[in-house]
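Worksheet for the structure shown next.
Note that the chains are named A, B, C, D, E, F, G, H, I, J, K and L in the order they appear, and that numbering of residues resets to 1 at the start of each chain.
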Amino acid sequence: MKKSFPKKILVVHGPNLNKLGKRNPSLYGNVSLKKLNLLLKKTAALQKCLVIPFQSNSEGRLVDKIQIYSHTVQGILINPAAYTHTSVALRDALLDLSIPIVEVHMTNIYRREPFRRHSLTADAVSGQIVGFGVDSYVYGLNALLNMI
Amino acid sequence: MKKSFPKKILVVHGPNLNKLGKRNPSLYGNVSLKKLNLLLKKTAALQKCLVIPFQSNSEGRLVDKIQIYSHTVQGILINPAAYTHTSVALRDALLDLSIPIVEVHMTNIYRREPFRRHSLTADAVSGQIVGFGVDSYVYGLNALLNMI
Amino acid sequence: MKKSFPKKILVVHGPNLNKLGKRNPSLYGNVSLKKLNLLLKKTAALQKCLVIPFQSNSEGRLVDKIQIYSHTVQGILINPAAYTHTSVALRDALLDLSIPIVEVHMTNIYRREPFRRHSLTADAVSGQIVGFGVDSYVYGLNALLNMI
Amino acid sequence: MKKSFPKKILVVHGPNLNKLGKRNPSLYGNVSLKKLNLLLKKTAALQKCLVIPFQSNSEGRLVDKIQIYSHTVQGILINPAAYTHTSVALRDALLDLSIPIVEVHMTNIYRREPFRRHSLTADAVSGQIVGFGVDSYVYGLNALLNMI
Amino acid sequence: MKKSFPKKILVVHGPNLNKLGKRNPSLYGNVSLKKLNLLLKKTAALQKCLVIPFQSNSEGRLVDKIQIYSHTVQGILINPAAYTHTSVALRDALLDLSIPIVEVHMTNIYRREPFRRHSLTADAVSGQIVGFGVDSYVYGLNALLNMI
Amino acid sequence: MKKSFPKKILVVHGPNLNKLGKRNPSLYGNVSLKKLNLLLKKTAALQKCLVIPFQSNSEGRLVDKIQIYSHTVQGILINPAAYTHTSVALRDALLDLSIPIVEVHMTNIYRREPFRRHSLTADAVSGQIVGFGVDSYVYGLNALLNMI
Amino acid sequence: MKKSFPKKILVVHGPNLNKLGKRNPSLYGNVSLKKLNLLLKKTAALQKCLVIPFQSNSEGRLVDKIQIYSHTVQGILINPAAYTHTSVALRDALLDLSIPIVEVHMTNIYRREPFRRHSLTADAVSGQIVGFGVDSYVYGLNALLNMI
Amino acid sequence: MKKSFPKKILVVHGPNLNKLGKRNPSLYGNVSLKKLNLLLKKTAALQKCLVIPFQSNSEGRLVDKIQIYSHTVQGILINPAAYTHTSVALRDALLDLSIPIVEVHMTNIYRREPFRRHSLTADAVSGQIVGFGVDSYVYGLNALLNMI
Amino acid sequence: MKKSFPKKILVVHGPNLNKLGKRNPSLYGNVSLKKLNLLLKKTAALQKCLVIPFQSNSEGRLVDKIQIYSHTVQGILINPAAYTHTSVALRDALLDLSIPIVEVHMTNIYRREPFRRHSLTADAVSGQIVGFGVDSYVYGLNALLNMI
Amino acid sequence: MKKSFPKKILVVHGPNLNKLGKRNPSLYGNVSLKKLNLLLKKTAALQKCLVIPFQSNSEGRLVDKIQIYSHTVQGILINPAAYTHTSVALRDALLDLSIPIVEVHMTNIYRREPFRRHSLTADAVSGQIVGFGVDSYVYGLNALLNMI
Amino acid sequence: MKKSFPKKILVVHGPNLNKLGKRNPSLYGNVSLKKLNLLLKKTAALQKCLVIPFQSNSEGRLVDKIQIYSHTVQGILINPAAYTHTSVALRDALLDLSIPIVEVHMTNIYRREPFRRHSLTADAVSGQIVGFGVDSYVYGLNALLNMI
Amino acid sequence: MKKSFPKKILVVHGPNLNKLGKRNPSLYGNVSLKKLNLLLKKTAALQKCLVIPFQSNSEGRLVDKIQIYSHTVQGILINPAAYTHTSVALRDALLDLSIPIVEVHMTNIYRREPFRRHSLTADAVSGQIVGFGVDSYVYGLNALLNMI
């Protein structure tokens, strides 16, 4: 049934995002990752687009998944979480792609620890949306759909 | 007639944005500031919101305007342009407010000169949207409307 | 009537100080700029000195005013606010003068963001008084009167 | 049988610690990881506590394991080894927890390469014990048991 | 009458240059801005070029003026003074132009305070002439005329 | 007789201030420490306050004295001199107190060697007064009396 | 049949190298990883040496593999790719070995982004060969064979 | 009676630790230095070891005491407090010794001001224990006893 | 015949300038050093000044030549090329002179690699002219003639 | 006879390499420069290539030689030794060439003093080979021959 | 008897120098401080000069002593040891003097830890002699006698 | 006749020292290099030592000379002047030697420009003597004679 949609988007969640809803709710809200993915799927379905969500705590497996889907999807929505600030491997995987990529962060990372202000991935993506909680994903998805 | 809308948003354009459409089109596109403001007005009107656009090349007049409207509007959409990186005065003006503020940039500032990667205003705003050209404004306006 | 005083002092208030009393009262107190100026005028009048207060959010207009009054007044009391940390133009305007200048800050700027710890104007003034709220101005005015 | 103990502690060993005993013995001693874990188990058993040891060379799997056990154990004893200095993901996983965590290092990391002097995890833990070889673990375990 | 000249050059003087002749004469000489402008007008007239001088202490008004004249003049001679070191707005205004621009400084800025050694505008201009007092302007004007 | 005053203030002079009057008079003036203390005593006595002056070249003894008087006096006036820039011990001693503290410097320390621009004590005090010579002390004393 | 060779060399390919031939061909050429490995096997076979190639996007699995083969092979040829610049774990794994190691890079990493100029592994290896495309591997393999 | 113990340990407390129990109890707890020393004496006595406690606010006297006891005791337990970060003299005194030394801190110094993260003494000691309050001393004493 | 001119100027060309005309023409133009020297000689002759050109790739020989001519010429025109950024010896040789010196660069060095933005010689010269190609020399020569 | 070879390569040895064999043998081996050059000549002769070796302690003469041979040879093999880290002149000379250049170092410069880790020439060459002693030259020569 | 000498020199030994002869003999030799002082006294006596030696581990007492003798002696020979790198108080005490001062170090401090390469006192003294062991003092004493 | 002395010392003078006596006399005195060499020869002759003086403005020739004499002399007295701060080649030449080397400077280099505070040669020499003018050489020569 998935194949019936003409468009596909890979949604990549970085480390610790599987704890969403349970992890520091005052900072990240109480929507679970499962619910967030459902919300994204519904939003995309309205535009005949299939969302393929993936979460991993492993830098290597995130790179694996991006490589595998790079020729199947028309865009990538990514919240690299902690790897935003440390992963050259992820940066290289994204730099190799020619499809549009949007980076999102739930919190305003520019208000947190100094090392969170530096993003290795930011200059490998088309645009960046930060600080709107779960809505960062929704806005990012819509922005991506507009670009495809 | 302006008063008939229940919501009002101040849209602040920083220095050199009055040249939009004529200024480096390969980087900033060819939509003029006038057309951009019209687009934002229409978008907001759909949600019964009035957009009050303002542009200035002067740091002081941008601060003046923000102070004047701070009790009249329900949110601020701002592209501080060059002042993003140099103006503590603008930062202080924004830090004093309790209404939601969204910062937008048309280009992906993280791909340009190193000094453009540091934003003095970023930690004074709710969220930031960068890299989507004219659409950065539209997404930012919608994000703001959701927060009001 | 102003001319009847033998001494004159220019009091310069930098950006956002027009919001005094309304701006972050837990940090800046609740005395308005109008009341502060009145207090300074009264204090100076006791020593037969006229206080000429001026506030602007514009770096250029602050420089203009300092140039205009530089040959009319016997001293300058200045709270450069945000421009303390970013304005070489203000620094140059002050460095050109030979009358005494006292810099004041209401808050202890050394307890705030790191960039507030560096003052471009500090080495262009005679002395600096920080951290006593509205009293910083009063102490600064008296110090200035002692120097004239 | 494990369940018969009222207390449980997760012991996390970072990359290359599986080579303990064989790896640079003049620096790390010649006790193998297996023997070290046995020693910790015996020490904990005296206080009716079960030790659950885990080692991995993968940042992602270390994060996985910490997430899985975070609601089952009463404390974590961790030697993040190389990830001490590079893993924001591990830092985030630890920051999300509310149980006591003790960080240990066998060598005095402050005597080695400059980059080993900076610990990303140190401010996510209760305390830190460095430089006592295998005993760093034993002291850390006892400290943890005192805190539970 | 101005229109009778086939060539036009905008001469931009930054903050505090209106005090020329009175300001620190041992450093800046005792030629007034008025006299300097007259000298430049005469020099340019010999080559059938009209000089349009402008001075302001306001960053915003300098940007305004450059924008307004950018399509009317064939070249810009600029002494950004203090804004050389702090104004990204001025830099952006100059970067947008395709006419030749020459930057001049009366003093050898590389012999003064460390922050004066860094010029934000230097890489937005064709060439730079520093250290010859009033003659820096004359040399710069001639260089500009050669390029038109 | 000392006890007859309802208020007490400890005045702490850091290293080399015992040479006041003899030490570099063009920089520090020619009032001796003895005379300065007398002046402060008289000034305080007008407000029924006893001044307890103390000078030492030893970091440790300055800390000792602050600890001893911390429960006896209502405020501290301190010129930490050289220890301003190097003493974490003095900083810790001051941070532990809940009475008002005013830091003074006779010279404008922001005009001297770069290392003098950084004060370890500045964020442990209520306010700071610099650059007025002996008057820095008098202004500081009055500011302190106003706070008690 | 593998065992019939008296010498064995582990060839380690870091993240994204599995995309060789497809990844940015103008930078990395169009030889696939499979072909590269075949080339290395043939080259080694001439000297009665078996090449054991391994690629992974995961830092942890690269460390695992190096540990497993450290006692079976006589040398390691490694292109750590992105992990060159971020992996202390890989550095530690290599530092523990006493067999010769040669590090290779296809591109001249000193001509790329500043962070690529710093190699965490460089001082854990015998020698380094950079900038010769696929030939970097061949030269590195021959250098390694000379050292065994 | 002291001499009857076969082992002796010098316990060195740095500046402001004489205020223990009264100093910032939320950070340092409410055990006084006297009680802490008693606790350490009792703990050591169980292993037939005499504890010789010493506190001073003076860097020089701490160095004096360490020199005096360096040939009499079998180990040193030290909390250098503020001098951890500023004293090369203390570092030199400790580097000269060949007996075991353990450094302890009551608070997790890696969670406090940036300058507290750098320890001049850390690489002059055998091991370091931080963040366990009064227990840091007890654990450190036991670690020291194990090394003698 | 050289002696018949009342004025003499030494023109110093630094390393690689002997390749002028052949070296990177898009950056340095296609005028050869021989032609440039001829042009300078003709320009100077109009003002009865003899130009003595000298080029060397050797730092030491450039210093030699400056020392030899320092008492014979009335001014020096120098393009230190690569030695601008690395030679303290050249700086010292120039600092010892009391005749006017003008530094020129053909390209706008502030637009090139970061290390080219720092000039060791700039504060040893009267003025600096950069970015006008061969004309930088001509303008510099005229500026020098005006100063003699 | 030299001319009978169709290919020519310039081999450039930087400062102190004339002492090879006598200089620190544990670091640089005991092959003399003469023998090394003979080895390179023989290796090249096998591929009908003439090696032209040159050594100098003078930065200027190294630049001279490179300029002279730049149109005669088909490639350059260079060990810039100490000038790797300090010579912009050498960098400029190499940047001007369009023939292949290979940089070699006998020792692993990344294991030595920090300033040796920065190479000014590295981004002016095709590739770099470090750490194989005399073999670095041989591998570099072969790599160069493959590129011609 | 001391008074019979026409010249007097204060010899100041910083912290830990009282351990000379016993402290790290491979670094500092095995001459005791007592013997060193005797040697200096004899050397000075030949030139009718009295040497007044003083050692303290306390920064404050070193400052005290320098102040006390500053009007009695004709020169100061000082080895500030650890305080070389941390004491602004000592620097200030020396800067206040107008008699010649020579700074000596037994070891070559430029070969040790990086922080030992920075001397706060070096620019407060006439000259500096480092690296000759006990002879550094003798040479320094003779240099001082030549200056008096 | 030179050979009749049993000891020989090479005295190396760096760039611009040939101008001694004429160069900035207020800084370097008015003794010429010729006179200085004569003084050193006489001083050495008293101890049956021959002084071989050499001066050059060329880094390469200084290295040449040191290499040539390294097996003929028993010690080197060197004032590297400007090359102190920039020459790794000189540093390498000195590091290769096993005879004693003393570095001297006439001025107190720690009181001059910041870049003069860093010496590349200081850790390649036995000792350093700075700030005594011509006497720095005399003291250095005597120190060297004591070491041979």
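Here, contacts are C-beta pairs under 8 Å (C-beta built on N, C-alpha and C of every residue); 3 or more make two chains touch, one makes a residue touch a chain.
For clarity, every value in this text was computed on a predicted model and none was experimentally measured.
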Chain hops separating chain H from chain D, counting only touching neighbours: 1
Chain centre separation in whole Å, for chain J relative to chain B (CA means): 56
Chain A-chain E separation of Cα centroids, rounded to whole Å: 49
Between chain I and chain H, distance of the C-alpha-averaged centres to the nearest whole Å: 64
Residues within chain C bordering two or more other chains: 58-61, 86
Touching chain combinations (by label order): A-B, A-D, A-G, B-C, B-E, C-E, C-F, D-G, D-H, E-I, F-H, F-K, G-J, H-K, I-J, I-L, J-L, K-L
Residues on chain H engaged by chain D in the complex (per definition of touch): 108, 110-111, 119, 122-123, 125-132, 135-136, 139, 142-143, 146
Contact set on chain A toward chain D in their complex: 14-16, 18-19, 23-24, 56-61, 81-83, 85-86, 115-116
Footprint of chain G on chain A - complex, ascending: 58-61, 63-64, 67, 86-89, 91-93, 95-96
